[in-house]
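So that you can tell them apart, the chains are marked A, B, C, D, E, F, G and H in the order they are listed, and the count of residues begins at 1 in each.
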């Protein structure tokens, strides 16, 4: 069984890398996709279309250029993993989870126990809640390899 | 023109009331819907199905009972207004925005200027960003009444 | 808030009646729908189209005539309650639950604790599991009346 | 013509194996998929996410982890074969059939004649009812090879 | 239970009238819709947009003007009854049946026994085959009134 | 038969008024909807959300506020009439036609003969081409009243 | 550009062969699909599931077994060619056309001029009407090869 | 990341070529598709089906033959680039943009600053506005290559 897995959310730790390497170690047929995770590049994605004086429009343009990528990848993934860290607002991660929920795309949340209350709606629509990248790897291994 | 408008997000200020009263003052044919906004009742929504020892499952059950209401209302609204305040994580608001985006339901964000950066993806898929309930009222008045 | 609630499953106890009366006592704006629950009439639904010698075709014709009703009602309900009793196969109830799951229609399961294991897939896609009609009434009351 | 065929239901006899081997003997271009059919592993699928004291939540977690696999495979199959044996409740099989029906995915039921009455709704929405794996093989051979 | 029933097909006998009157006699809450059944008017539906010399284009324009009506009505009906008589090609009736099948809208065929072979594909996707308008009335009565 | 008809396109002649009055004269049960047709108000629709220095962003904001209305109305109409006049670019009219085409919503084009070549793609997906508001009225009268 | 083209309808002349050979002569990247065109085999498709005494049920079973193939192929084709000959009812061809129309799948009709009137609804929803297989080949050549 | 990009609109300058070559220089995995851009061939696409005396029907037939190609390609692309030049009506480009908008397919507009006002609705539903082919290339490079 092959899967395309979209990795959404936090970009300040190496959770994506851990999941990819863990799955590689199991030889799983999984293609991983994600938004551009280079923070500075992502914020500047719209700059090539001309400078903006207002922060709102700069962000707006960049977010939309990024959406060309993320919308395409989210709509074509089989499963998403949505990671919430302990810093920043991460509303884009919750937004992606809502997007998956409306599409009926299964997603897994990945976050610590101390934020289960604010994430209850996001978790309620998820198919699993993991606390470590290892658990995600184990789960994907089970989903893809077991017969 | 009649509209059904879903009011999503922050429950600690009276923004919902302001929008409803403002629209009423204009005699607009708008039906407003929203999640249960009584915080304690919302958190306890699943308790009637039996107590849970773990916080995760109590939240899980309550979030799902609430989803019976919110999923139904969001999927049947014409427009959503999604409010982000200056406190709390409000991931459910971002989740609702993502849900609307995937359904193609127009939504308006309502938040202050100081959080435009973390909300850039949410704003990028919105049809308008307002900073005050009055602006939302004016906009709805324009949308519904003007011919 | 108004709801249309489809009541699916077991037809040998008065659980439908209890839910209807409980909701009526709360003055809830809920319209209840269901399959034809007169067992003999339901089994004979296709007889008006001519007799069949083979049981398979008699059942087939009746099941399809009944589907004219159930398919229409399930596709137009907001929420379904799916009841599993302690007798009979009740595969039609599980079928309705799967149908709702694929449509994204929220449903509540209603069954005793001793059958949670065989119903785990059906419960996993449900938004709530209740053990008594009273709990269903309380939940619907919360969903519809609370603001 | 190539097909992806999802094999749903009973896991205590070798009907899946018979169908696969029969189709292989005909050199059919069919990819077979199914849920994890190792009963113990399937029941324990959620254990890697932490232990649960209540049976309901253990089942719930496992059923959802399994759903990451089954939902993906059912939604991407061309045809499903749904097998009902003479033991167990097998509500998950009926659930899968309902899911296929709502998606418009053709499915074939595979069961003995003595359970045609409780399966009448499930059979009514099926494109064929077979009583032996050999019949399923013959049918798939006809569907795929004949021109 | 209320239904909207689209009556498609043959326009040279009074089967529509019989069904409507039969349902009226039972006081059923059914709204009946259909294409324009005045043959001459239907063929001339496009003439108001200017004359055409070629028969193909005259038919084309009329068929499209008629489609403004039929497409709207078929897509909003709950159930269709598709009647095949013993004269004419009636490809539009089979076209309507295929349209309903793709939409998942239940339909009933109404035709004599001597044309079951050429109608086998159309009947295979139908939920019932009736041979008389009375049977259709009885069935609708059962579907709508029985509880 | 009742219809909701969206009137899209040119705002500098009184074609909307002519169609409405013509249909009123026939007592047709048609609800007409349209974008805000007050040109200055439409261009300024976003101004209530704050001024913009760049024309692009002023237009952008206004176009989106207008889209809250037009998207809702187009998605809920049964039929659209799309008018192309002899002045201005009217790309929004062609955009609306493409939107209807993708949704499968029937639409009628209304334009003079001298622009049939540039409108060939738009006309090819339309169900009728009219050259005068009177023809549109006649057609709607036929569609709605004839039985 | 690659295309999958479904060839529907008449099975008594070699029009399928002519189209396939014509496209092969042009080296077009087109995969052709169709129902089982061996008439006797098609009528007997359900016999492997057991004999039926009534013609209706024999036809019914065979038509559904065939639908496992045709439904899958029609829903995955890019374009359909629907052929109407001068014999037989060919309601299945009109049914396929209606099915394509509802799915939004482009189709081409292929028939002589003397049956344009009974086919007017089917032609009205088609993207082209051809009278010879050669025209279909030319059209496909244009569609696929031209840049 | 691989993309299929549909290039819609103006056919009188070499913007398509510039984008293709720019992307090729970056070794991007992008497949480009478009309508037939040979103007004369496109206008004559329907001629192979027989001559027409009226311009409207000649255009109609050609536009529909072209739609067999464009509808298929637009519905299967990931992203569209819609180019508006300074000449001609280009209603087909705006039509394509509306079609993408209704499907939820991301698109980029490519046009000069002097036509931002008439294109405001088209731009409002776009994910980016570029003024040069180089900007489109840079954007696609960012979307596809950055990680």
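Basically, contacts are C-beta pairs under 8 Å (C-beta built on N, C-alpha and C of every residue); 3 or more make two chains touch, one makes a residue touch a chain.
Bear in mind the structure is a predicted one, so any value in this text is a computation, not a measurement.
For E-G, the equivalent interface within B-C, C-D or B-F is the one where over half of the contact pairs agree by residue number, namely C-D. Shared residue numbers account for under half of those found at the interface formed by chain B and chain C, and the copies are therefore classed as meeting with different residues. Between C-D and C-E, more contacting C-beta pairs join the chains of C-D. Taking each chain's centre as the mean of its C-alpha atoms, chain A lies 40 Å from chain F. Per-chain Cα centroids separate chain A from chain C by 37 Å.
Chain E and chain F have Cα centroids lying 31 Å from one another. Centroids of chain A and chain G (each the mean of its C-alpha atoms) stand 44 Å apart.
Each of residues 64, 67, 104, 129 in chain G touches at least two other chains. By the touch rule above, chain D contacts chain C in their complex via residues 55-56, 59-60, 62-64, 66-67, 70, 84, 88-103, 113, 115-125, 129.
Contact residues on chain H toward chain A in their complex (touch as defined above): 1, 3, 78-79, 104, 106, 108, 127-131, 135, 138-139, 142-144, 146-147. Looking at the complex, you find that chain F touches chain B at residues 33-34, 36-38, 41, 45-46, 48-50, 61, 64-65, 67-69, 71-73, 75.
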